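Pasting the structures here.
Common to both upcoming complexes is chain A, partnered first by chain B, then by chain C.
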Partner chain A sequence: MWKKLSHLLKKDFRLMLSSKFVILALASLVLYSCYINFVYVNLDQEIYPVYLYDPQAKQTALSDYMTRVDTRDALESACADRYSVGIDLASDQPEFYMLASGIDTMDHYRTIWAKAVLNGNIKGQAEMIGTNSRSMKNRREITAEFLFFELSAVGFLGLASMLFKEKQMGVIRVHGILPVNKAVFILSKLLVFLLSDLVFTVFLTALNLGLRHGIAVLPAVLIQAGILSLIMALTGFFFAIRLPDFKQFSLLYLVIAIFVTTPVFLAGQTGVSWDWIVYHPMYHLFAALKAAYFSVSTVKTSYYVTCLGMVILLFLIAHQTLTREMSREG
Partner chain B sequence: MKRLKYQLKNIRRDKMCVLTFLLPIIVGIAVSLLSGVSLQTMSETSFGILKNDLSSETAAWLKSNGCVTEYETIADLHQAVNNPSTQMIGVLRAGRGIRSFRSGDELEVNRVIADTLPWLYESRGEEHMYKNTVVPVSSGNDGLKSLLIVITLVTAMFMGCTFNAMNIITEKEDGVTFINRILPMTARSYLIQKILLGFIGGILSTILTALICMKLTLSQVVPLILIIILSAFISALAGLYIGHFSEGLMIGIVYIKIIMILFLAPPIFFYLMVPGHSVLFQFSYLLPSSAAFYGLMNMANGSAIVPGKDIVILAAHCIVWLLLYLFLFRRQKE
Partner chain C sequence: MIEVKNLTFSYGKDKQALHGLNFTVGDGEIFGFLGPNGSGKSTTQKILTGILRGHGGMVSLFGKDLRTVHTQDFFQQIGVLFEFPYLYTNLSALDNLHYFSSFYPSEQLRNAEELLDELEFKRDFRKKPVSSYSKGMRQRVSMARALISNPKLLFLDEPTSGLDPTGAVLFRRIIEKERQKGTTVFVTTHNMLDADLLCDRVAFIAGGNIVALDTPKNLKEQNSNRSIVFDYLYQGRREEQTILSQELKSGIPFAYDELISVHSQEPTLEDIFIQYAGRGLS
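The block that comes next holds the complex of A and B.
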């Protein structure tokens, strides 16, 4: 059996290399890493800028947060972004000018912030209780997201494209008469994709978190990536066997990419609270992956038990489907 | 016309194609159902407090400045502040005043708010001494929602491309292309039929999505339709290019994916990150989807200005890409 497995592995590995999906994975690795290192790390949002129109020069001390403008028009156009605040000292009574942001509390805060800046009483240092800096947080967060997307959507497509190619070549029909165990057939495919996903994970993590931080989180990340990869590969296997052609499969892929991953992203990234999200199975996989990147151990044993059960169940379903497909192909 | 009927018949059998057109509409419905409130809380400053810690007056002051969440224990509060998906600032009582703490990974705006909050609280009594002008703005702050809607719309326009490419590649694989060669059909009528197919589908799907998601004024209808028509034409053309250059369905899908990323990612990136007057931003107009995206974005944000520039650029793209296609096609035939 081991000899057969190694032969099958060799064949699957060659098939994977010959398809264009290796190039696609490499290209996405480069694209993601460039985006993370050059763009996402630098994402920030500054504090509400304060513009001061002061024709009689009443204000002598100018805070760092304040910018002088020369006319009332300039003040109004500077505030047109609905984010900045203007202070007009032209008349006796100082006037705070701003465009409504649409959120009342934010407008209120902008007013008291502008007042504090005008009076110059801004100091203080809040206590810090976390361990991450902003850029490190950004790195961990976005790497987790890209990895999740890559594993759940792209890995799924990779396995399917390979299977369809084999289907076209008639491999399944041939396997029906060969004395090769069907479990081994599935296993070899799973192993190849698990391996390639893990390699991708290692590279993506090391490139974007840096070696030191990367190595620290990798053991936990690899476990979660492995679980996700197995589940997605088995699901992909099932659909690829079941659906008659690649075209229908790619539609399913589109649905998965949009409906399965987008809510998970929104809930995971923005803290939008949707109660129903706990019923979304992918959400738990994403949460576990993200927790691994932040070295937080919130994952419970029941999660692993469920995942293991899921993998076994999917394996059995895939096995069953393959058997049926083989008997149908004759 | 009769030929077009055959083409349409051909599609009707293809469930994939029909669903491709329905997909953006479904997404559009989902986006417009997304409650505006849950998206809005994202840009609101959020404070975390401990139960029975702050006086009711202090809590009311905090509530006037942001969204306040109460936690049972200090450990829960610490965990919430440290949670990387939130920007929460922790606030505790300190004598007569307050003290704040943060996680250290916040955006600059929340860092400054957290640092200076106790001081702002100290000087809270003097608010009435000033005149305060808050100019109301007609459209609500649903920036993220309109971004989602526009992304859906651009994707919908792009469906014409996917559809054409798939259609042509399948024909190639089935050998219809060879049959076409001996049929008395000119390359020109083939081209027109194929463009028309993707074009009509793309337009229908986008207009339906736009009707569901966007609140339009009458003066916006004409520019919107122009933008939709032009972009649908370009994406149908892009589909022809893909169909032309790819041999099999799988390679075609890889190409479609790459072009889809190229069509969607740069406009979003430029729109969010690069100031509108910079040279880099002007460069982004080299991609046809950018013009469509910016035009739609302005409309979704409720701007009354007619996006004439975007429409002209789109039209120029249409002409250039069509001429290029005709040139390539003719050369290949010879």
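The block that comes next holds the complex of A and C.
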């Protein structure tokens, strides 16, 4: 069996090299790394500027985060950007002036910040968790996102395009009469794509987290990447065998990208909150991958058991689909 | 080699493809399986090659019930040529042969280069990718793939399809050579010439039933009206006359100056098929 597997692996590896998959993976690696290192790592939200109108000079010590204006008109004019916050100390009670941003939560934070600046309570208010700098936090966060996208969408497409090529050449039918187990045929494809996904994971992590931080998280990240890679490869395998042509597969790919991956991104990365997201299997895979990048061990044993069950189930379905396809076409 | 008793197969409710086929194929025999599209020809071949499971009746190959044979051992003993040349187009002829042969025990294998020589495959193309080959060249590589494992039982689906007349003659010669080595050959074809020239016996299948089974010669004899057409010159005029063979016992029963041609009016296999099945082979 091992000898046969090695022949299949060699052939699949050659087929993968001859396709555009490697170029696509390399291009993704360069693109993601450039974006992370030159753009995302520097991204941060600007602090809300605070303007103070204090005609009676009640405020003696002025915070570095505060800018004094001379008139009420100047205060209103400074706050016209719907981002800054104004404090009017003309009356007994401070009056907070700002134009609504359109987002209630943001306006709430603006007020809290302005009060803190006015009262001088801007230090020691937040508890520090972990040792990540802003830059490292950004790196871990976006690397996890890109890796998730790469494995769930691009890797899925890679295996399917290879299978469609083999279907088009008709050689899958020939494998139906070769003295080789169909499970080995599937296993070979899985191993090739698992290996390529793991290599991609290593490079993406090392390039964007740095060698020291990268090596520290790699064991956990590789496990999560391996699980995601296997699940997506088997799903891609099933659909590539089941669907008659690549056009239909592309449509399915769009559906997966829009309806499967997007909610996970939104729930995981933005303020969007959906109660039902916990029933979305991809959300748990994304969360586990992200936790691995932040060295947080929140993943339970039940998660691994479910993943293992999923991989076995998908493998059996892929095997049955392949057998049916061979007898249909053969 | 092959024994089929009361073979039935259904693709689902009301979709019975085979209605109790019975036939045997002896060791070293070339057996032709002829039928139009949808007759059950491909279903039978898929069952015999172990691709399609769930048949009724009994199918025995190499003296063993197909249901009980170990699939890997079984596949090691058979070779299959598909109707279309299925090959890795990014690989060369030699790479394809090396890859497909890698799943068989090495002591069983034939030399890929020698096989391609035998199939008169151009030497300067052997290391070029299959994508640059003509259909005929691909068919030759496919034939080499089917033969490389030295199969004891060879299944050929439209073996001369896509070949020029020279290629077709070469393929028939190779198939005959395989038979001389003791290989049993099961040929599925529409090509009456192939069936006539190659097969020891042919079976006609229509609507999931075998409607006739015999040697091509017997089938033609049994269905012949035994008439003979003479084309001749008599008193400067060209004439044609059809007579029955028994009328020839006392010589040619008409006056003539010169015989131009004599044609026995044997039916072709296609004529016989139409006679039995009530429809053509296409």
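Definition applied: the second predicted complex is superposed on the first by the 258 of 330 C-alpha atoms of A that agree within 3 Å, B and C clash if a C-alpha of one lies under 4 Å from a C-alpha of the other, contacts with A are read in each partner's own complex, and residues count from 1 in each chain.
Keep in mind that, in the parts below, contacts are C-beta pairs under 8 Å (C-beta built on N, C-alpha and C of every residue); 3 or more make two chains touch, one makes a residue touch a chain.
Quantities reported herein were computed from a predicted structural model and do not represent experimental measurements.
Engineer: So in the superposed three-chain picture, is A:M169 touching just chain B, just chain C, both, or none of them (first/second/both/neither)?
Structural biologist: A:M169 contacts chain C only, not chain B.
Engineer: Once the shared chain is lined up, is A:K137 touching chain B (first), chain C (second), both, or neither of them?
Structural biologist: In the superposition, A:K137 touches chain B alone.
Engineer: For the overlaid complexes, name the partner, chain B or chain C, with more touching residues on chain A.
Structural biologist: Larger number of chain A residues touched: B.
Engineer: Given the touch rule stated above, what does A:T261 touch, chain B (first), chain C (second), both, or neither?
Structural biologist: Neither partner.
Engineer: Just to be sure I read the superposition right, which of the two partners does A:T67 touch: chain B = first, chain C = second, or both, or neither?
Structural biologist: Neither: A:T67 stays clear of chain B and chain C.
Engineer: Quick check on the superposed pair: does A:K4 touch chain B, chain C, both, or neither? Answer first, second, both or neither.
Structural biologist: Once the two structures are laid over each other on A, A:K4 reaches chain C alone.
Engineer: Look at A:S33 in the shared chain and tell me whether it touches chain B only, chain C only, both, or neither; answer first, second, both or neither.
Structural biologist: neither
Engineer: Going by the contact rule set out at the top, does A:E46 touch chain B (first), chain C (second), both, or neither?
Structural biologist: first
Engineer: A:I177 in the overlay: touching chain B, chain C, both, or neither? Say first, second, both or neither.
Structural biologist: After superposition on chain A, A:I177 lies in contact with chain C alone.
Engineer: Quick check on my understanding: which residues of chain A belong to both its chain B contact set and its chain C contact set?
Structural biologist: On chain A, no residue contacts both chain B in one structure and chain C in the other.
Engineer: Using the touch rule from the top, collect the residues of chain A that touch chain B in their complex.
Structural biologist: Listed in rising order, the residues of chain A that touch chain B are 19-21, 24, 39, 44-48, 82, 93-103, 105-109, 111-113, 115-116, 119, 121-134, 136-137, 140-141, 157, 161, 164-165, 246-248, 250-251, 254-255, 258, 268-274, 290, 294.
Engineer: Show me the residue ranges of chain B that touch chain A in the complex, using the header's touch definition.
Structural biologist: So the residues of chain B touching chain A come out as 14-16, 19-20, 23, 27, 38-45, 63-67, 78, 81-87, 89-90, 99-109, 111-120, 123-124, 126-127, 130-137, 140-142, 166, 170, 249-251, 253-254, 257, 269, 273.
Engineer: Give every residue of chain A touching chain C within the complex, in rising order.
Structural biologist: 3-4, 7, 11, 14-15, 18, 169-171, 173-174, 176-181, 326-327, 330
Engineer: Where on chain C does chain A make contact in their complex?
Structural biologist: Touching chain A from chain C are residues 46, 49-53, 71-73, 75-76, 78, 80, 82, 84, 86-91, 99-100, 102-104, 145.
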